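Take a look at the structure below.
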Amino acid sequence: MSDEAKNAAVSAAKGGDEPKVSAEEIAQLRAEMVQMRDEAKKMRDDAAAMKAEIAEERDRLKDQLAALDDRGGKWSDYLEIRGLHVEFDGFVAVKNLDLTVMHGDLRFLIGPNGAGKTTIIDAITGLVPATGSATFRGEQLLGRKPNEIVKLGVGRTFQTASVVEELSVLENLQIAEGFRRKTRDLFRKPGAPSQNVEYMMDVCNLTEDAHKMAGTLPHGKKQWLEIGMLLVQDAHLLLLDEPVAGMTPAEREATGQLLKRCSKNRTVIIVEHDMDFMRQFADSVTVLNQGEILAEGSVEDIQHNDEVVRIYLGGEQ
Amino acid sequence: MGMFFPQIVAGLSNGSILLLAALGLSLTFGQMGVINNAHGEFMMAGAYTAYVMSSIIGSRTVALAVALVVGFVVAGLLGLLLDVLLLERMRTRPLDTLLVTFGVSLVLQQLARDIFGSTPVYAAAPEALTNPVTIFGYSFSAARLFIFILAIVCVAALYAVLKLTPLGRQIRATGENRDLAEVSGISTKKVDHVTFFLGSGIAGVAGVALSLLNSISFNFGTTFIVQAFLVVVAGGVGQLKGAVIASFVLGLCQSWIELPTSASIGQVAVFLIVVLFLQFRPQGLVAVRSRNLA
Amino acid sequence: MSMLEVKDLSTGYGKVTVVHDISFSVEAGQWVSIVGNNGAGKTTLLKSILGLLPATGGSIAFDGTDITKAAPNKRIRSGMAFVPQGQQSFGQMTVEENLHVVADQYGSEAQARYDEAVEAFPVLKEFASRRAGLLSGGQRQQLSIARALITRPKLMILDEPTEGIQPNIVADIQRSIRSMSEDKGIGVILVEQKVQFAVERADLYYVLASGRFIAAGEGGPSAVAEAKEAMRV
Amino acid sequence: GWGRTVAEKNAAEAAASAGTSTAKSCVDTSGSTIKIGFVNSLSGTMAISETTVNKSLHMAADEINAAGGVLGKQLKVVDQDGKSEPAVFAEKARSLIEKECVAAVFGGWTSSSRKAMLPVFEADNALLFYPLQYEGMEASPNIFYSGAAPNQQIVPALDYLKEQGHKKLFLVGSDYVFPQTANRVVNAYAAGNGMEVVGEEYTPMGSTDFTTIVNKLKFSGADAVVNTLNGDSNVAFFKEYKASGLTADQVPVISMSIAEEEVSAIGLDNVRGQLTAWNYYQTLDSAENAKFVKDFKARYGQDKPTSDPMESAYTSLYLWKGMVEKAGSFDVDKVKAAADGVTFDAPEGEVKVDGENHHIYKTSYIGEIGDDSLIHTVWQSDGPIAPDPYLKTYDWAKSLSASAE
Amino acid sequence: MNPAGITELYAKYKVWVGVVVALALIFLAPAMMSDYNIGLLSKYLCYTMVAVGIGLAWGQGGMLTLGQGLFFGLGAYVMAIHMKLSDIAPGTVPDFMAQYGIAKVPGFWELFRNPVMAVIGVVAVPGIVAAVLGLLVFGRGVRGAYFAILSQALVAAFAVLLIGQSKTTGGTNGLSDFDGFFGYDLTDPANKEMIYYICAILVLLMVLITYWIRHSFMGELIIGVRDQENRMKFLGYNPASIKVFAFSLAAMFAGIGGAMFVPVVGIISPSDIGVTPSIVMLAGVVIGGRTTLLGPVVGTLLVRFAETQLSEAYPSAWTYLEGLMFILVIAFVPLGLGQCKGLWPWIKDRIGLNGVGAKSAGEAKAVNA
């Protein structure tokens, strides 16, 4: 407040010195002030009401949002691999590998062909026998059967899409969702899609294909369906083997956004050869070569690692 | 125990019979995925060839030699016909071939009955093969020795063809990925026909050889077919090595189990051994690993 | 007359027509790229050109002869070569056998052609006696290209050869395709989704969408953006 | 709807006077023809043997018709295929009785086919004429057994072996009821007659692998083999037997199911000089047989041998004719009542029906397989032997008959 | 009501409409048939029960089982043992055992003397055997042709075993000559009719159970396992247990079929359940269409009827015909009558012949499975 204004206000309050200001005027001003105060109060109330409404609305939407964005993932949901070793008839595909991927991380696993990337995923999900240890949420994954591993919240996709071709998209998703069903419920009709499934279909752009046979989907959509199946099955560790191979740039973009979003509350590992895709979406990168870790770090670090450039990125840079 | 050596020989002999019956199957099943239920009837065709040859050729030895060749060709041609007429259009659904060929086997059996009558016939074997041979003071059937040698020869020949010749590579390539073979310049149609001809031809040879031990009638082949399939399964599909080991192991098991028990227990035991064995090696003895999901 | 003349080609699966009235041609030494989104019908079109899918309409002529009805292996013999999508190989045969099964068909030249192929892809030499089914995806892709090259084709057809291949090899593949068409005079049909890779150094490009060509033009770095734009529509 | 219970049926049957049957017959005796049914396996594994039986049955029917029929009525034959499956036999038998309304049925071969048909005939009170030698221990009021009971085939065979001084028997048979029951008889006989059974082996039907069994035989020290294998198995067995160095001189095999037709199938080389036990051979020297053989060959071909089951089937039709004519009626109960003592001069010699157990008196012959592929009698019983399906008249068989009653 | 309304109503209650039609057929049939033909029809119905199970295991689940004779036989023998035991006086043994000199009824016979135990056994024995086999076999990922061959071998082994153990199983003769079925006299035509009704109702029930499964979540899982067995593992399922379920259910159906076969035909012997009879049990499924719900039923009735008719008139022609049937149908119309889409697409859609597995695009693929 300036001095002038201060004086004016003071003189106005005194009333006497300046005859121009009549008593009525003062009364009027006072009334205006009261009115203004009321208005302000009303606005404050409105705001509070709106806030409450918003909160209510958010509560209402929470179920849906929760499906994707808040599944109660915790910092402790991380993957820890120690001394993982895979051998095929004497050929060492993965050599005493240590790798930790934290909750909320979107980790890219890159490396030359035959480096052992797919093999790592195979080992974690029980497809090939391995020694060492791989724990997720404190549970040992090695030595378990694939279907038990899934129940621990681990999901994977394959380099080639493998969906149940003779079932519709919706049915595929319901199967993915349904593995926790009680035996009794297995004999119920599959019924209408659950909220979860509907939401995921929406997220994965599959809503309009819901009743198409999965076998008739184009390649890219099959991949999306695969990802969708992981999401509805509520996997917290997502292992994706070249999920965008064969997709158009636009589809890649969409897939990337989707995965980025998923990774907020999950642990995601993506094996990819598409460097643009990696640059765009990776939180962190692990470079594998001949079964061993060559480098690990941010995208920047990796791109400036001479060794990585020499062995893998090559002329692209 | 005095029976030790004879029982080993009996087991090996049983094994060689199983092998001979299973060899062609292992080829057609392994490479083409065709589950040929009519394989036994191709053996029957071979056996009847032996019978016809023995009744039109004076010398029994010559008749047998001729029958081996003609039996191969006759059964092979039957197989070729089957492949050209029916199986060719069923490449994409191998499991269905099992039922189609079952139908074929019914028809062939009835045909045999109508042509040769329902009374069993008998192909006169060369004198030398009906008499015993003596090894280490024990006498054994010369016919069985002959079959044993024949089985080994057939395996060796088939192995050589598959592994060492361009044809063999083509057969294997086609067996694995038809489209890819085709775009590699291989005429898969021809290769399939050759494969099926070979497999069926071997059944014919087996039939000729086994006619030395049995009478020949329309149900000649049914005796062997179930066990032959088991050998293929236990050995690992498409695996010659597996088929060889499996047939000898099963042959020996059967003769040893039969010794203290009875023939029927011996047969049942063989079935159970295979089921149990598949518990340990579901893909058979010699399994092929591949990284595909399927 | 062009080496390959495709006229009004239509094909599909069962009753569903996937490729509609496609016409184009390829000259010797020309690199033609076909780009298109997922499921646009690229693979289907190639399969039909190779005879793996019967054409339901139109005609295909190669080297002046009509091959619309010829069996695939005949087309290969007459000078086409194909690198299929998905890194296919004869998984139970060794790498060496995989190459020999093709080389065998050239009688006395077999060994020479085999040597030439492994020379070009050193990995294959290293793993010569390993079963192809055990190779990694990228290794298998190299094998696949080598297998196609053995036939010394006049026309090389590649279906998404860079899918799942490490970046530095991708660049190699681009170079070797260029050299195929430039140095050896081989015609090339390349089907790709990676527009940059496909159009940058091609002579001609076509954009396929829903089984029809919706755009075409000369290749080159400047065409990349054009093609990308066309694909968006 | 709910029908009567077994208890009600038994009560009803007890109430009705014994003997008269409750089932009503639909046989039509009004016309000039009378229907009879033949049920034989014309397909399946048994077709080989059973078609021959079917042929001789037809020959008998034609002969009877040519001679004026039965009670002046021409026979009209209805053929049914039993397909070598017991269940089919039962079904076809039912169809013959209930649908075709035949006066009598002829046929069956395996014990299982007979066992399957037996309840049908008993329930419908119809007649079956069963032509084969079999294991005994049965006597259904609705079946006439024209083949040998054990005491007419097995016992004479053992008597013969004993007479020839054989002491150590090796038994080999197919895994089914005839061989197993027959071998129980052999065991009992051996125990009672100072012989020893040194081995007893069974193979699944159709089995062709005899290496192990022949090994066992060789190492058992047996001096004779009693063979009850059937069908194809004989071929494999005899080939193995010969190839292992055994001969008919050292260890003869006496077979219960090898007849003339099988000899050529097994191969004469393999069975020359071996023994068989039957009640008929083509080589039997009698006027009836000469005519039978001649007619059969004329009808079906010179190369077709005649054998015991065919002859027995042929005879059974004539026996039925005799019974019907004696009864003067086609009625089942009357025919049964008239059966006792009916005789016929069969190719095998005179046979006579035993009204008690429905079997027939038969002469037993032991034969040796000769160079002409035919079987030549080397021993024969003193006239027809009375049938004794339960072996009640033999001391050594006490344990057997006791358990079967 | 407008036509659209009717169709809608129909769609809603189509299952019940089907049931009512089926019941009407079942109760009308005897009126038009002789006792003899009712007996035949009952026999066909027994085979139909097996076929319904095969439709589930093979058509839906992709498990080509060539060994249903095994389960058919188990059910039949359990029933036969019970019927045999209730015919004879306590303490005595059946005649064939006496012939072998056995004085005491063996233990596994005693188990089924009690009628309740017998009824349970008819379902449970095949079911348990199938479950154990299934766990062994499917648990190790044995499938496709391997499974088909194994199942064939098992039924062969079973037949050999039955024959080999003739002292307690009756051997090749099997078990026959029964007086009563749970106390009811088998010679009384009224009881034959009653048995026919039991068979028919059982078939209807089995069809309904199959319908229900096809339309439940389980039905989807079964298809999932057929198409992508390994993928299902990575979705958290144990494919083996899903397969075992379908396979055991099929086995139970076969067992019940076998059990009814005994009172209907009056005999069960190894020759009814061997390798060839087991494949022939597939004939009706092949003809009727493996992927459809009613195909196996219609197909089996047709095939068996044709068999009776033709094999009487032309015994050897029937074998040719049967062979040709397998050849022509499988090679050229792999989905059998279910493929007559051009003929009655409309009816099919309405009646609901189209099951989960037969959904349009799925059909061609199902054949390849």
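Should a chain be cited, it is by its letter among A, B, C, D and E, assigned in written order, with residues numbered from 1 in that chain.
In this section, contacts are C-beta pairs under 8 Å (C-beta built on N, C-alpha and C of every residue); 3 or more make two chains touch, one makes a residue touch a chain.
Composition by chain, UniProt nomenclature: A = Urea ABC transporter ATP-binding protein; B = ABC transporter permease; C = ABC transporter; E = Urea ABC transporter permease.
Just so it is clear, the model here is predicted, and its values are computed rather than measured.
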Quick check on this structure: which chain has its C-alpha centroid closest to the centroid of all protein C-alpha atoms?
E
Top chain pair, ranked by number of contacting C-beta pairs
D-E
Identity of the chain that, by mean CA position, is farthest from chain B (ABC transporter permease)
A
Average the CA atoms of each chain to get its centre, and name the chain whose centre is farthest from that of chain C (ABC transporter).
D
Between the Cα centroids of chain A and chain B (ABC transporter permease) the separation in whole angstrom comes to 58
Where the centres are mean C-alpha positions, what is the separation of chain A from chain E (Urea ABC transporter permease), in Å?
50
Chain A and chain C (ABC transporter), separation of their C-alpha mean positions in angstrom
37
Do you know which chain A residues sit against two or more other chains?
118, 158, 160, 162
Of all residues in chain D, the ones touching two or more other chains:
175, 202, 204
Out of chain E (Urea ABC transporter permease), which residues touch more than one other chain, so two or more?
160, 163-164, 228, 230-231, 316, 319
Which chain E (Urea ABC transporter permease) residues qualify as touching chain A in the complex?
212-213, 215-218, 220-221, 223-224, 226-228, 230-238, 357, 359-362, 365-366
Which chain D residues qualify as touching chain B (ABC transporter permease) in the complex?
45, 47-48, 51, 175, 201-204, 206-209, 211-213, 215-216, 218-219, 232, 235-236, 239-240, 242-245, 261, 264-267, 269-270
Using the touch rule from the top, collect the residues of chain A that touch chain E (Urea ABC transporter permease) in their complex.
125, 145-147, 150-151, 155-156, 158, 162-168, 171-172, 174-176, 178-181, 185-190, 213, 215-216, 229, 233
Using the touch definition from the top, list the residues of chain E (Urea ABC transporter permease) that touch chain D in their complex.
34-36, 39-40, 43, 87, 95-96, 98-101, 103, 160, 163-164, 166-167, 170-174, 176-180, 183-194, 265-269, 271-272, 311-312, 315-316, 318-319
With touch defined as at the start, can you tell me which chain B (ABC transporter permease) residues reach chain C (ABC transporter) in the complex?
166, 169-170, 172-173, 176-177, 179-189, 238, 288-292
